[in-house]
Amino acid sequence: MLTSLQENILSGIDDKDLRVIIIAAQGPVFSSGHDLKELTSVQGRDYHTRVFRVCSEVMTLIQDLPVPVIAMVNGIATAAGCQLVASCDIAVATDKSSFATPGVNVGLFCSTPGVAIGRAVPRKVAMEMLFTGRPITAQEALLHGLVSKVVREECLEEETLAIARRICDSSRPVVALGKAAFQRQMAQARDAAYATATAVMVDNLALRDGQEGIQAFLEKRRPLWTNSTEKAHD
Amino acid sequence: MLTSLQENILSGIDDKDLRVIIIAAQGPVFSSGHDLKELTSVQGRDYHTRVFRVCSEVMTLIQDLPVPVIAMVNGIATAAGCQLVASCDIAVATDKSSFATPGVNVGLFCSTPGVAIGRAVPRKVAMEMLFTGRPITAQEALLHGLVSKVVREECLEEETLAIARRICDSSRPVVALGKAAFQRQMAQARDAAYATATAVMVDNLALRDGQEGIQAFLEKRRPLWTNSTEKAHD
Amino acid sequence: MLTSLQENILSGIDDKDLRVIIIAAQGPVFSSGHDLKELTSVQGRDYHTRVFRVCSEVMTLIQDLPVPVIAMVNGIATAAGCQLVASCDIAVATDKSSFATPGVNVGLFCSTPGVAIGRAVPRKVAMEMLFTGRPITAQEALLHGLVSKVVREECLEEETLAIARRICDSSRPVVALGKAAFQRQMAQARDAAYATATAVMVDNLALRDGQEGIQAFLEKRRPLWTNSTEKAHD
């Protein structure tokens, strides 16, 4: 499953026409994380290590892709499934969705989900989820920053696609530059972060699409993106 | 008071039967922090240094203990008392509770409380509290992540014990491993954090209780924890 | 504009009577950020670099000043204007205000605003703002920690001045010490942060105003601040 997800999100990733990825599920469960049958003593330490390494790779890959990734959630997201929601750039959820890290109840503390969730919500919210396994509602998830938007079930696809279309209206290399810069600077101290972001602003302005956007704005017309990484000037 | 709190929370800490600690107060004040009489020029610089060192030790000790610590708050928590709430893993508060860092009003800016509070709530919330000394309500504290739950006064003990019992239903070494991993990885950059958490997941699976939890889940029965740090496999 | 803002906030900064700075705007826009006409290919890379360096300097200067800075917002704050709000210590906004980072729509991703906004609100909130350019309301800004308080338009000045007056009731060197300590410790790991803050508490107690505040409290009278950096003891 993890390998197939990894292959899927990497497929055609350099295609100029790929602008956004939506991760969705069929049925009442968004994702309930690892298959516990894969985690018994029979498989052994090396296999367990491989499983969690691939899982972490998929989660960080999502954040390192050049296009935004949206989780479209309608149902339960638990353990690594909750981590997946936390790892996406944007998450739209229905009001009947819920989120939990119940590993502690089956003797396997959700430590890897805690990496993504601890960076998405306030510390005390993360810790109560991790220590008790108690699910939080979609509204609580919205309140604490785990999801970006909560909608009624019948609006889920419409709202998710509205956000996706909005992203498609932008230039791909501009979005790619911006996403990478955000991830990089957030891991730095403030002054280093500003140095990173300042250099990226200047590079962004040197892009053909950076200049086209500004020209279009000044001329009060819609921009025509090349979506290529060509430069307008050095 | 600080020394006695330190001794109390360390008492029997390695006892397999100790699973969770609840910090509560009697009367209308949860804690109003330091006794200002101890902080005049008479005691001098060395004594002041000792007071704040011990205070920081108690606050970080709470986060480094192998069991979760719950603050059960019914009333006012100010200055180092507010820091104490922020330092606990989980905090349940009554709706009449309030939280403040009023040191600035008596000429002693709440800089050490700011370490815990600045890591619990959004920066602007922390700064307004620190610069104005204005108390926030329990609802505001919940909204911003300073407490985990707000309840009516008559439900405080019941709700706190419900969370505590939920923690007691889990395996002690699993919770200990998870709490330590959460604190460690949150201080690291994302990729290092995933390396830490991945190693901990594998160690967790190697515990006897890690395997018991999974077996019980697969066999649809309640797990029987040993609560010991014994391994099931290497 | 940036240079003039920089000169303005530095003017008289060492004056003992300067206790707080309020940044406000006239008209329906708080600030819409950079003038795009300054960012075309004509000006070139070196000029662009200078513009963003000065901008980052102003934003970090606000956080490094010895007095608190309050944004008083009544209207739209976008791009670097939104960054300005995020960079202030406290922000009071009217309920008709809105906040956005719409650079992506004109081909210039708001990467430098992302430094301040990513440190003020939850990551997913920041990313949706940055990727879609969608404005958030004053209430959403309050919920997520971008502003400190939302009020009706007719109360904006009154509420902002109430906070400012509260700050003026404190001792200037105490506030200066506390603000600097908060910024410094928030960039450190927990144990280093406590070492920083502990040293600052002891220095604060050694200030004449630190001792005056405590004496006044013990004697149940109003403190009389010197507002000087004189020490009471070593």
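Chains here go by letter, A, B and C, matching the order in which they are written, and residues are numbered from 1 within each.
To be clear about the criterion, a contact is a pair of C-beta atoms (placed from the backbone, for glycine too) under 8 Å apart; a residue touches a chain by one contact, two chains touch by 3 or more.
For reference, the UniProt names are A, B, C = Enoyl-CoA hydratase domain-containing protein 3, mitochondrial.
Given the structure is predicted, the values throughout are model-derived calculations rather than measurements.
With angles rounded to a multiple of 5, the C-alpha fit of chain A against chain B returns 120 degrees of rotation.
Because chain A and chain C carry the same sequence, their contact can be compared by residue number, and under half of the numbers here are used by both. The distance from the centre of chain A to the centre of chain C, with each centre set as the mean of the Cα atoms, comes to 29 Å. Looking at chain C, residues 119, 121, 143-144 sit in touch with two or more other chains. Residues of chain B that touch chain A in their complex: 68, 89-91, 119-121, 143-149, 163, 166-167, 169-171, 174-175, 177-179, 181-182, 185-186, 189-191, 193-195, 197-198, 200-202, 204-207, 209-218, 223, 225, 232-234. Of all residues in chain A, those touching chain B in their complex are 36-37, 39-41, 44-45, 48-49, 52-53, 56, 59-60, 63, 104-112, 114-115, 118-119, 121-128, 130-134, 143-144, 187.
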